[in-house]
Amino acid sequence: MSNLTDITPLRWLMRNPIWGFVLLVFIFFSLMSEHFFDYRNFQNILVQTSTIGLIALGMTLVMINGNIDLSVGATLALAAAFAVDVQSWAMFATWGNWQILPAVSLALLVGILMGAINGFIVWKTGVDAFIVTLGAMLGIRGLVFVYTGESSFYAMNFAYSDFSALSVGPFPVLALIFLACTLIVHLVLSRTVHGRNTYAVGGNREAAVNAGIRVGPHMMVNFMIIGFLAALSGVLLSTQMGAATPNLGRDYELWVITAVVLGGTKLTGGKGDIIGTLGGVLAIGILRNGMNLMQVPAFYVYVILGSILIAVLFLDKRFNRTANGGLRL
Amino acid sequence: MTNKMRILLASCGTLALASAASADTVRIGITQNNVGIDSYQTTYERAFIAAADANPDVEVIVLDAGGDVARQISQMQDLIQQNVDAIIIWPTDGQAVVPAVRNAHRAEIPVIVTNSNIAEAGMEFIAAFSGPNNIQQGIYSAEMMCDALEGEGQIVQITGMPGYTTAIERQQGFDERLAEMCPGVTQLDIQPGDWNRERAQRTMETFLTRFDQIDGVYSGDDNMGVGALNAAIAANRAEGMVFIGATNFAVGYDAMGRGEYWGSVYQSPVDDAKAALQTALDVLAGEDVPKLNYFDTPKITQDNMEEFDRPVF
Amino acid sequence: MSDQQEPALRLKGIVKTFPGVRALDGVDFEVMPGEVHALLGENGAGKSTLMKVLAGMHQPDEGQIIIAGKPVRMTTPIEAKAQGVVLIHQELSLVPEMSAAENIYLGELPLKRFGRVDWTTLFERSNAILKRLNCNFRGEVTVANLSIANQQMVEIARALTVDARVVVFDEPTASLTDAEKVVLFEIINDLKARGVGIVYISHRMDEIFTLSDRITVLRDGAYRGTLTTADTDEDEVTRLMIGRSLDLSRDTAEHSLGEVVLEVRDLSCAPLFKKISFSVRAGEVVGFYGLVGAGRTEIAETLFGLRSPDSGEILVDGSPVQINAPADAIKLGISLVPENRKEQGLVLSMNCRDNMTLPQVQNLTTGPFVSSGAEIAIFDKYRDKLEIKTPSWRQTTRVLSGGNQQKIVIGKWLSMHPRVLIVDEPTRGIDVGSKSEIHMLLRALAAQGYAVIVISSEMPEVLRVSDRIVAMYSGQIMREFTAEQVTEDSLVQAISGIRTSEVA
Amino acid sequence: MLLNRLKAGGPAIAKQGILVAFILFMIVFSLMSDRFLTADNIMSVFRQSAIIGVMAVGVTIVVIGGNLDLSVGSMLSFATVLVVDLHDKIGPELAIPIMVLATLCLGAINGFLIGILRLNSLIVTLGMLSAIQGLVLIYSGGQNVDIVDQRGTWFAIFGRGSVLGIAAPILIFGLMAIIFHVIMSTMPFGRKVYAVGGNPTASVFSGIPRSRVVFTTYLISALCVAVAAIILGSRVMGSQNNVGQGYELQVLAAVILGGTSLLGGAGSILKTVLGVLMLAFIQNGLILMGQPYYTQWLVTWVVIIVAVWLDVAAKRGRLFSPIA
């Protein structure tokens, strides 16, 4: 709930430079590629963005808290493995298509559990979340390999992978789930007490403690939310693949963090919002999609993405320079 | 004024010509596994582009998934979106791309799988597979190992990146054939080398400390095999040790020439790429193409290496 | 206070121990409704621990808390607040990116269904409170955009969200200027008139004597006694607090002034200050007095090379100089003891010695290595000279008291043998005993021939240490006084922007 | 009083958490495998940890200065590909200095963006991670590079040579660790890095050129990567384009395990060396015990958290965090 008074579109853009950037690349690719400005391509972009996007929603909460979660890629892979494997458990053999239900539920629970473990360790040990989740990133990936025995699982049931191709009216169902989650997390963050406390804990932890907010459990809840969203992302990804591979989600944490930071969330906590994060993930999604359509060689894609990340960070610093009044520090 | 008009007319003419030409050309999209991770894939990509350039009727859209299944699925979507005439896919994971291939099939775009095959469940949705038989390569390596050791000995295995199809299939072929063909050869341990020479070298160093007697080493490709060889030479234990790899790299070929490396499986990325493109063109021409088009990947050993050119990668 | 009245709050025999430390040792304390009860003690005497016990952040090991006649247990700040005990923190305890209203109700935002915040109620209530406090901003404003004084108001507004029985003010004036203090005192008097019991913690004697009805003193975690303000004086309170008397008079010992060391001519840096001219002589203490934001700190930062002036000249020993970085200033012999000790003065994770030698570590070498011997020699010298109390140079500065920390910072610059020493708010947050030591030190330094500039928001401090006083208002110098000329009235007028005729 | 002793930096065994953990691990592993504590194995682990170790020395300095460097992985790929490729084209005597210079340039870019422009180091080096990986691929065209004459080049000494029976990589690692440990603990520059990492504002107020110090830490990090690349290139006599992929996290894990605070201002190179060796011994020990490779990830998870937890607990004087 920031200032409600006099927000012009221009000032809004200055505060959310990422949406200006999204607009820019959107126009650029529309002009440069005949396939870009197409209704079906927009569907694709949304579906492609949903994977990173779902996790980025949770990462926004965790980062506003002043924490970070590097283990999301591994959590995603673990959840995907559960979602696919549990369907084939003998006990659900007679359930028909309903066997998907326990599988997906269990996968989401596993995600919440991984988040809870991270959150609990951060809470009780006081070790920096970066370190806790760096460890978990290795460890949970280890769990994935223990569970899968290094190979891929696949769903016998095509109903599972058909789900990803479903549309409600003109909207692909995966995109709808992503947009619905975006709306929900946005409302949670901006309208609920938990969401407001998220800012308080990240903005001034001392103040939050003084005001009686139970900081530890609060942070744990946010880790559980990101665990859930990473798992959901893993489940949706596995429906697109009809399978789960043990290496799924490698490096996703880096792209997620990139998207969230592009969206204006501060690594130090206390600042950020879902609208910015949505801009961040769309920026990356549109760039990737557009460069695919324009056939930019893979080698150059790395350079372009890296440079853009740094450039946006630089511009953000220019626009939102903190007022230390020209003090040279 | 007239000059301008002429240019305008001329350019209209070219445009018309171009669109006329594009009616006859076919547009083929390819999404590769992970270009740049090793020379094989890079050489493949170059050969593929070169082959396409050589054919005026072919226009290709070349994409790379960077080893990420999700990105490969996005690229499939993007290619379907562009309504290409055919899609060639080098699966990052044989299992996980099946639904994406199925979607292409539904969009009536023929899919040709290259290099490593997709899972059984997806076979009905593809037009054809073209590439080496990775399981067969594992079998070849096992046979060479058996021959070299004359049925007796202790060996270790260094596999590719865990979880990737090629690595899994080669290991599978090797393990099964070895057990069946020479039960006298025991595998002491299997550890990954991640397709990385330095990591393979480290893995081998640990094997050397751990086992006093190692008679043979099977590596998932020559790049790792040479890493293992380096480790053995450094430990002064390479003498009499049998090194067998797959995907013959130039370094492996040279080591073979020096007599340090026993054998490998010869696989040309150029053949691989050409075969994939040709299969795609055959499919588009409506020819009756068999489902599985394995190109030959023969055994290469110190004895017959003169028959082969030194690999370019 | 009539005796039959029930105390608003009563603490009986409170004991609180931490591993190895007995932080509170049987403390008794009470505050009556409508009373301002000052709580005094040096840093480390146990005031903060007592406050945390009151606010429900610590549980006492022994003793009772009695509110309105009933013993209570409070395990969280929320519970304490529900009992009517509200704590106004010393360090601003606000979340900068949130609105003022959210900060006021932090931890207990009004709820609708599904955990949603009831914005209408929130803004209604908080605006009502802000209005009661005569604040000229609304609850919707983001706290980061408020001035320090207004942020303090938000902090104080928290006290009014419940029907408070007792409000604890922990050093509320630390970051306020004199003018803002007046507003605060009005609020306290208003609360008092409504029968709220006030606990007031401060190091500033003048405030305590204007405001309080009774004074309770703690020392080393133990209760030392309660005095009625009207019947006591500063000396008695001080003796109770530190066990001895303090000489609070101005050091009038004359010493001769030398040449002008530093001169500033028409220095401007829009919009912070404009057309600043003054000079300092060797052996002289010049006090800069004014409200926070009057531009004093910014002038110091400019002299130290941390800001680029738009125009004007800086002269050292009569010749104009360019100062583009602190290193330049240091070379010219200008040193700055910054206003925020912990953020600007010290690297808290480093030990005492390393902090002290930090600016000259490049030069304290034998061969390529830092000479440990030379460093320790410097540390020992200034530890003795400044009477820094620390067990060893290995002690990290984080654990030192405020006074000793400040001395480390001063020692850091003295060891560089500067010509000009600029000291910004030298005694902020430092207890009475150490404060007086630092004042004497500044006088002594001047006597040794240093040119000293003292920036302070505390009038008694400026009056005590300065030979001359420069009064600033809104980026401009209003007047200069000599120690003989100055009166409190004329000083207050000058820093409030009121120009008077230049009479002596 | 223990609390005060701990805070005062007095000698307390709890402060040496990493050392204790290290010794415990060595005992457990040597009980589980009789191959573990043999001279051969120990030498082999030392040799294997040299590359990560040299990089960790540089990253430790960056982290003490209050920043992160995630770009070291792809920078290692860059440097190795460059030196190996140039080796056969212009000879090692030119290839090495050119590679070192080019790598230092990358470090300078990091240093400029982070030290001078004050952009966030995590994001900048993440961007550089991606950009440099692209540069490598563009440079090599995606091809592996190899040194053809592996036996005849003096370049071999860095990775394969030995002096008095000690392998060259170990000597180089040891030398780098000692040199930079001495710089960090006894020279003015080291003091400044600690100061800038501990409190950048106070450092500026003490006349320390903060920008220059941070800039220099990134140059050092790049230099360490260049040295690691020489060892790697010489050891393997070839390079893949992604040879350094994932090294950034292993290096960071070692630095963290060594107790260097991510907040900056505290840490020690010698402890980082312990962290590096510990990770290497865990990998090695588990393989010797015949465990599948992913067991080491699980063990590393537990070890990192427990080690850092003990470290943090010793500093605050209580095991569990006081936050409610």
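Chains: A, B, C and D, in written order; residue numbering restarts at 1 for each.
Throughout what follows, a residue touches a chain if its C-beta (ideal position, glycine included) is under 8 Å from a C-beta of that chain, and two chains touch if they have at least 3 such contacts.
As the structure is a prediction and not an experimental result, all values here were calculated from the model.
Which chains, if any, touch subunit A and subunit B both?
D
Which of the chain pairs holds the record for C-beta pairs in contact?
A-D
If every chain is reduced to the average of its C-alpha atoms, which one ends up farthest from subunit D?
Between subunit D and the rest, the longest centre separation is with C.
Averaging over Cα atoms per chain, report the distance between subunit A and subunit C in Å.
Their C-alpha centroids are separated by 44 Å.
Distance from the CA centroid of subunit B to that of subunit C, rounded to the nearest Å?
A distance of 71 Å separates the two centres.
Calculate how many whole Å lie between the centre of subunit A and the centre of subunit D, each centre taken as the average of the chain's C-alpha atoms.
About 30 Å, centre to centre.
How many angstrom between the C-alpha centroids of subunit D and subunit B?
34
Among all residues of subunit A, which ones touch two or more of the remaining chains?
145, 209, 298-299, 328-329
Indicate the residues of subunit B shared as contacts by at least two other chains.
If we look for residues of subunit B contacting two or more partner chains, we find 35-36, 162.
Touching at least two other chains at once: which residues of subunit C meet that condition?
76, 306, 325
Are the chains arranged, by touching, as a line, ring, star, complete graph, or other?
Looks like something else, not a line, ring, star or complete graph.
Can you give me every chain pair that touches, using the contact definition above?
A-B, A-C, A-D, B-D, C-D
Quick check: in the complex, which residue numbers of subunit D touch subunit C?
That would be residues 1-4, 7-9, 182, 186-188, 191-192, 194-195, 198-199, 201-209, 265-266, 317-318, 324 of subunit D.
Spell out the part of subunit A that touches subunit D in their complex, as residue ranges.
Of all residues in subunit A, those touching subunit D are 121, 123-128, 130-132, 134-143, 145-146, 205, 209, 214-216, 254, 257-258, 261, 267, 298-310, 313-314, 317, 328-329.
Touching residues of subunit D toward subunit B in the complex: what are they?
33, 35, 38, 40-41, 44, 47-48, 51, 137, 141-144, 146, 148, 160, 232, 235-238, 240-243, 283-284, 287-288, 290, 293-294
Give every residue of subunit D touching subunit A within the complex, in rising order.
It comes out as residues 113, 117-120, 122-124, 126-135, 137-138, 142, 200-201, 204, 210, 249, 252-253, 256, 262-263, 292, 294-298, 300-302, 304-305, 308-309, 312-313, 316, 320-324.
Could you please specify the touching residues of subunit A with respect to subunit B in the complex?
Going by the criterion above, the answer is residues 35, 38, 40-41, 44, 47-48, 51, 145, 148, 150-154, 156, 158, 161, 164-165, 237, 239-248, 250-251, 288-289, 292-293, 295, 297-299.
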